[in-house]
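Each structure below appears as structure tokens.
Heads up, the next two complexes both have chain A, just with different partners, chain B and then chain C.
On to the complex of A and B.
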């Protein structure tokens, strides 16, 4: 439409410049630092080059780092399972009409806009020993002692519960948007053929919802693998290594121990793993899109 | 058949009532904690609401009037507002370019901007810290611990989101309208100002509100890239973790105050949140 593309590039240039400076330059910089042995607090605080694989060779034998990745993946899968099942159920229930529906929906949206760090604070106040109502309640009614500051399993599951509280609404609302957009014809013909509700759900709703489900799974997995703020606020990664997810582990190694070179290598590997998972899901999405054409 | 329907309605309502209680109860408890003295919080939790006369205002005045938290609040407001404004303007320009010009490689540029959003911030903490504190220099001053640094940095996740959200809207405005204006002798600025901005106004408003919210809520990068002068309210909140013998009342008060924008925006953008969070892949 416009004869010269120069105007177009001019409009685009500030965006490209900023994303280049704060997105691409840091990426290449961390790639570069990852090849060096660099610890500013060591006897020799300068960058030393000891071969390209120096940090990476150490990294693949670093059990704490590898277990933090495994922990992050486990966390992502566990929360995804609960959020998806609960969210699907709630989305289906929102298709029917019942009293106060829009009020319930509005309250359900609330956790989505609260900052992760505030969610962490809310749960800390709610469940910390000696203050929160939750440990008191569990103690009085079930005789169950909740002290996630000491018990590793409780800490992990407390974070799972917090994540479900925070992000199930996202799954619900996204699936609801998908469900409301489904065509009605297949449902009508299935009803004429005498299918019951369960059959309709399994053979019609689920297959038609696959594209939306993949989007939800994709976004939730990416976000769960990134989790830092809430965990930092609630447990600080402890007790021990119980809730030390990859992001928190990198933070501790880099900003407490000042392992710059090693931390960079970790960041790159972390990024790589995230990209691989991202890419796998993306190719699933694309191949499905093609098979439907 | 009718009875089954009624039972279904009742059980759905009960389910949602329970859910709403689960959602609200921890927030309700936080509000209670923010109104109480440390002595009142000791021992068995008291779930009854606090009378207005009995509110322990010191929880609020101590951090925000006597303490440093008013500065944090001010920084947060400046950073989030400026970032939202910057992102909206840049995204509008970029989206218009991507939507109306046939630029070679524009699809790849679009995809590249999106990848910035997906990357885990924890992987970029260290390089950003090093770059901000040593490499990006203007004379003697660095970007480390400055509001400008944060404002620019938050473009990493807000620009891709804003471009994605606006692209759907601007693509929906017929090109013929632009062409008609240009034939009449209008320049690019006039087209944007008189045509695109008025037609895309609701979308632009949502984009800037959500950008504000994301910038306001960001914690990890703010905490690593600031130390004294540019600390935002989420970083201030996290300072309660490390101190021994946390003053729970004050912490709850700070958390409550930092939640206010979220509560305001919830009513304004509720309809668009799904589209915003899924990158428009699913329309809300």
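On to the complex of A and C.
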């Protein structure tokens, strides 16, 4: 048995080794550090064990951390809604023929190949007060003042718009691939039975797309919950705490304040919360899919 | 580009002259390390660019040792340097040490003792290089026993810049006197500063100019705003050492600190009330954007870091206000100047940095040569002209520097004569953690989410908690 599989294990071993080194080892190290009170800037810079729950107990009462989680979840839900809606719409459009379709598809995909930090830079140059064209345009044509350095809501929605711009193409392409692979028989049967386009979409397309949607939702949800780079470049987490999502908050605790133990505990807890959210979502979607079957 | 080429030519000429004297020594000293590549990381400032683009090439030509200096953003520089030193990975042979982080680095034993290293390796001691040639700024990079851990490569004072053309405009003078009842002039008091700011905001708008009354380094998501408050505005109101009681490490008034005291609140009120008179980009401006805004002619006056003062005043390729820049000490509250002169306070930030060698460097000896190369008197004048920085006493008297000083309205002279009124950051090993605790409150005060009083009450509590958590409050 083992000798039959030896070649397979041999081929797999580099992947397993890499996953072990870059995935499991850091994870267990962070888990370990999370049990210690440790800040190299302290009078006593050594790692001090204060009980397994020391950092986690503090986290439960850390308003800034808790508010950053709610902010991140709100951000993830809002962006997911818009990206899915827009992405589905664009994917359906790209299924049909229209002039310059290939050109549009190419241009539409461009944001995907841009690094997040560059996306943040582009939006900053585009929207910074006084110098960027967007505030001028909004002021001159609509009398609207855009100043996300001052207005917390504007800062939040600027980041939402930036994320939608960046990631909707990914949703579009994935859904387009799913739509293109759907069998045509159910559609033909539905048309013969007299279903209109809306009914076909609701009762045929969406149910058949559930597996693809689950994949897209999970990928985007997890990405949105760990957003850092673009926000870092555009607002730095401000004004105040307005755009301090959990990823940025952890960065600040770990690399600015050097609370390594506390920051590690935050990372672990946030990972746990992310897994729970995804598991709940998965359970709901799967159970709903089964009930519709 | 033209300016850079000229600088290169001038530098090559002057370095060749320098090299005639000690070229053989440098060749001989560098021979064992020829082919070595030294990696450095630093903040992207004009002096850093000169070091990477000009000095590094000259050093390589003499010694065969290549220097690759990665000039990057302030945040990125710290991120890379600290991670490298913490992990002991040895990626960087030298790192930029900003004055305010040196106590952290020394506390964590990141840096090589340069004095000791040179004493133990007499063969590495370059002729004509003496650490005594530096200004007193080098003292910030010494430990308690006087050993040097960083070779200063830039030093500036944060000055008050103003637009001479605006302040001297006849119609502006007349309108100002009519409105405020006294003559228009650069500010020496905070009331006057505010009046100037208000006046020029309206004056510019009325005359169709894209300019405002003052700069404000008020980014609501970047530590630059906290630094502006703690290191410039606060001290000019008499708030020293972040308001921290240096004996008890408490910052709230009720515990003996000053961070939420009357002077601090007056300072933050003054500063936040300037926002209506600042360019719209003020709340997204760090030190770089403030320099750029002033250079673009978008502000009539402001606190501007010295690293930007010289090029704003002299570089017509980057600055629209060349020939119109006035330089002065910033306004101060009554009594502050006296306290600063007697050594019991300071009026603003003595900014700057040094290159130091991490223990993790794999090329410590070759890096010692590089640091001595940049410490030579001969390279200082061109470096001062290119980067607006002076770290050697003799540089002030160099004819080339004096010529630029004249163009820059006496910025270098001001630094020489009044540098003692300024101070670097307080010696807090917990600098980064403490500042990060204060940041959100300053951001909220700037964004109007908190009053200055509420913000400072919150800031002092947050700072006290950090100092307590870290064990500094006994």
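Here, the second predicted complex is superposed on the first by the 264 of 293 C-alpha atoms of A that agree within 3 Å, B and C clash if a C-alpha of one lies under 4 Å from a C-alpha of the other, contacts with A are read in each partner's own complex, and residues count from 1 in each chain.
Here, contacts are C-beta pairs under 8 Å (C-beta built on N, C-alpha and C of every residue); 3 or more make two chains touch, one makes a residue touch a chain.
All figures in this text were calculated on a predicted structure; none of them were measured in a lab.
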- prompt: Thinking of the overlay built on chain A, is A:255 touched by chain B (first), by chain C (second), by both, or by neither?
  reply: both
- request: For A:114, decide between first (touching chain B), second (touching chain C), both and neither.
  value: first
Query: Just chain B (first), just chain C (second), both, or neither: which does A:165 touch?
result: first
Message: Which partner chains sit in contact with A:29 here, chain B, chain C, both or neither? Use first/second/both/neither.
response: first
Task: Decide which partner touches more residues of chain A, taking chain B and chain C as the two options.
output: B
- request: Would you sort A:131 into first (chain B), second (chain C), both or neither based on which partner it touches?
  value: both
Task: With the two complexes superposed on chain A, say which partner A:43 touches: chain B (first), chain C (second), both, or neither.
output: second
Query: Can A:80 be said to touch chain B (first), chain C (second), both, or neither?
result: neither
Message: Touch test for A:152: chain B only (first), chain C only (second), both, or neither?
response: second
Message: If we overlay the two complexes on their shared chain A, which of chain B and chain C does A:238 touch? Say first, second, both or neither.
response: second
- prompt: Where on chain A do chain B and chain C both make contact?
  reply: 131, 236, 255
- prompt: Contact residues on chain A for chain C in the complex?
  reply: 39-45, 64, 124, 128-131, 135, 147-152, 235-244, 252, 255-259
- prompt: Residues of chain A touching chain B in their complex?
  reply: 1-2, 5, 7-9, 11-12, 14-16, 18-19, 21-23, 25-27, 29-30, 33, 90, 93, 96-101, 104, 106-118, 121-123, 125-126, 131-133, 136, 165, 170, 173-174, 177-178, 181, 212, 215-216, 219, 222, 225-226, 228-229, 232-233, 236, 246-248, 250-251, 254-255, 260, 263-264, 267-268, 270-271, 274, 278
Message: Could you list, by residue number, the parts of chain C that touch chain A in their complex?
response: 79, 82, 86, 104, 107-108, 218-222, 279-284, 298, 429-430, 432-433, 435-437, 440, 443-444, 446-450, 466, 469-472
- line: Touching chain A in the complex, chain B uses residues 8-9, 12-13, 15-17, 19-20, 22-27, 29-30, 33, 41, 44-45, 47, 90-91, 93-94, 96-98, 100-104, 109, 112-113, 116, 118-131, 135-136, 152-153, 155-156, 159-160, 163, 175, 178-179, 182, 188, 213, 216-220, 224, 234, 237-238, 240-241, 248, 251-252, 255, 258-259, 262-263, 265-266, 270, 273-274, 277-279, 281-284
